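Every chain is named by a letter (A, B, C and D) in the order it is written, and numbering of its residues begins at 1.
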């Protein structure tokens, strides 16, 4: 009955070719590094990946791209990736660009049992093409559909053995939403604590959303753009 | 000291920010506006990846891979900052809780349309949060150079590039002029002293009226 | 010891709960099911006002006005509990994350319709979270007495009261019998040894088939 | 520029007859006691009140009912209130009963700039009457509209002077949603702390949603149903 796994390979055993996976993270921040590595090892093909970005050439989801495991991406920005560019121009990969806020809300809606909602985002732009619209109080809105994943992969800072999760700083981003929207949600954490150690008022993802939990070691947490100031610099 | 074009635009843009505002600054030139905010202002900068209260870049010791801005740069958080998830972040944006968004532009039309995310024929990178910001923020200010690198007008009758938002721009700031988009159309409200109305007109494809209270700098 | 009608129903209802489940128990008789859950089970009880992991009632010293259940009773929280807001709570419910809801009923129809919130002509109190629960929970079990206080059938061909949900009941448990609602219609799967099939039929307005694996207790 | 007020009467000065107010709380738990008392003193009439419940006869929103300040209630359950019953039967008050989850989501949608969404809750029931429906993947859903308030009143445990809020236990309930959906949100807290004292990872309501904040003293925190067990009782 325990949700705690010790092997990432075992935790993703039932991931199948053609599955839709929702992956937490923004850029390279708060990405489920260890699960992505396991998917790379497993070699699952034809994945539809829902994620705000798609990694860089040699890290994060970029690894799955390079290994040609992804056939479709639903994302808001895929700009940092030459592998992607090539595969897109070759017609090897389908892309559904979605405004970032709409993407976040579509994933939340998938988790919350809301099949569709309306937003003004994208009205009058290419994003609106083919989508139903409706006027409320004189303003036009687009209908956007929910997203549900066969699996969701999330990365948290701490988690307890029941699956309650706490994120750190901007590594939270899409992770709590992804957790809600996976039929099977697999959480990886830097620190796995005993049940009762997390303050119930401070849990970001309640355990009900998490089916499997693992602790990962040696998180690389790669930085995409390291920007610093000199110590004496006044901001 | 002579200011570069970008510096001129940034200096003018910062005047849009009032004490007490919650502001989202786009990636690129808008990010530079942060450095010019008066230090006695209580302004919170929002980063759509889940932070209200962006601080300065970290020192080498402070660098934290879990703390980045929407441009994926390492940053810090100010006192009174809050972290949240991406759905909450865009609830803030879409729900009209962000007082001001300052964004870069590729083209702006006389109707206040904005194009800033896609050049046909070039690789599409994505719109990120820009489409949400232009629809949701209480006030949208676009900052951009008046002409393209090839010397073509970017302030257009109609945008030639795919839109980010239709009729969403409240104010446009370039190194030459400032325009407002009102119910009565596009209005020139400020311009550089050194440029004549004729010259400005020749560099601007869009049609606009001139404010009776035109300010020159 | 002879069990009361309610005790009988509760004893049968608790068998619906499996180890590891997240369960929502309705107000009234369903709340009593909590006391019967085997102590070695890891079951989290959800309270739709914002708690996953309801514990026992507090001792006099533990009473905390900030910690109540959906019935507005003071409760405690178990280890591993989480608090959240009402939108998150119903995201859990509506999104199918609650494995089981056990709810009381006024009437159930042979199509699995449930009425449990409103009696026409009487003061309307409101449906609270019941309409969300019957639509959202993965499995909905209704527990109620087989007949009304006046001896009228509550298991109906059609509900006479306004509905809480249409075709939402998976299983109905009364003190006399257990019925499942399947694609092929309503099926009797368990009954009291002491009641004949004829007598049960006479007390049940709904039409149902009898499972070939009928269990008697 | 400060958001900090010291007088509740001053904080609600611009509340007008006919305004829509969204009020946090579930039952009597986590209700903005002090703001309600100020509204009672001010005597504002014809209020539309959006709140999960409507207090009891002599406490919470029941005080405004008894003083005939409310003309319409949008709630999920109004069962504990004789004053309400009388006014309803006399036709003095209009009621829009809304399923609890739909109510929570309508308020969140109001705060999040989503004009409408679809839910299966209430399909085939009196709640669906007069509402547009739409079929997604073969299942019928109801369209539900967002709610925005002229004012929102929320009660938090701690708040800082910028308006960041932290709630305690089940007193959170509708409060964070109400905070999002008020054109002017007035937060009352048990403890007002300096900016920087709250952990930015643990803030439930970011300051952007709060326009005015006050500390209240001597919270009564009335209990509706005190239920206890004996110390020795094993659960």
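Everything that follows uses one rule, which is that a residue touches a chain if its C-beta (ideal position, glycine included) is under 8 Å from a C-beta of that chain, and two chains touch if they have at least 3 such contacts.
Protein identities per chain, from UniProt: A, D = 3-oxoacid CoA-transferase subunit A; B, C = Probable succinyl-CoA:3-ketoacid coenzyme A transferase subunit B.
Values in this document were obtained by computation on a predicted structure and should not be read as measured data.
Using the contact threshold fixed earlier, the set of chains in contact with both chain B and chain D is A. Traced through touching neighbours, the fewest hops from chain B to chain C number 2.
The chain with its Cα centre farthest from the Cα centre of chain A is C. One inter-chain figure worth recording: chain A and chain B are separated by 28 Å, centre to centre, where each centre is the mean of the chain's CA atoms. Chain A and chain C have Cα centroids separated by 36 Å. Work out the mean CA point of chain A and of chain D, and you get 32 Å between them.
In chain D, the residues touching two or more other chains are 105, 108, 112-114, 119-120, 167-169, 172, 200-201.
Within chain C, contacts with two or more other chains are made by residues 77, 83-84, 87, 90, 93-94, 135-136.
The touch graph of the protein chains shown belongs to none of the named shapes.
By the definition given earlier, chain contacts exist for A-B, A-C, A-D, B-D, C-D.
In the complex of the two chains, the chain A residues touching chain C come out as 1, 108, 110-114, 160, 162, 164, 180, 195-196, 200-201, 203, 206-209.
Here chain A touches chain D in the complex through residues 105, 109, 112-120, 134, 136-137, 139, 141, 145, 166-169, 172, 200-202, going by the rule given at the top. Residues of chain C that touch chain A in their complex: 19-20, 22, 42, 44, 46, 52-53, 77, 79-84, 87-88, 90-98, 135-136.
Residue ranges of chain D in contact with chain C, taken from their complex: 26-30, 52, 75-79, 85, 88-89, 95, 97, 99-105, 107-108, 119-127, 157, 167-177, 204, 221-231, 233, 235. Listing the residues of chain B that touch chain A in their complex gives 35, 47-51, 55-60, 62-69, 71-75, 77, 83-87, 89-90, 93-94, 113, 118, 123-132, 135-136, 162-167.
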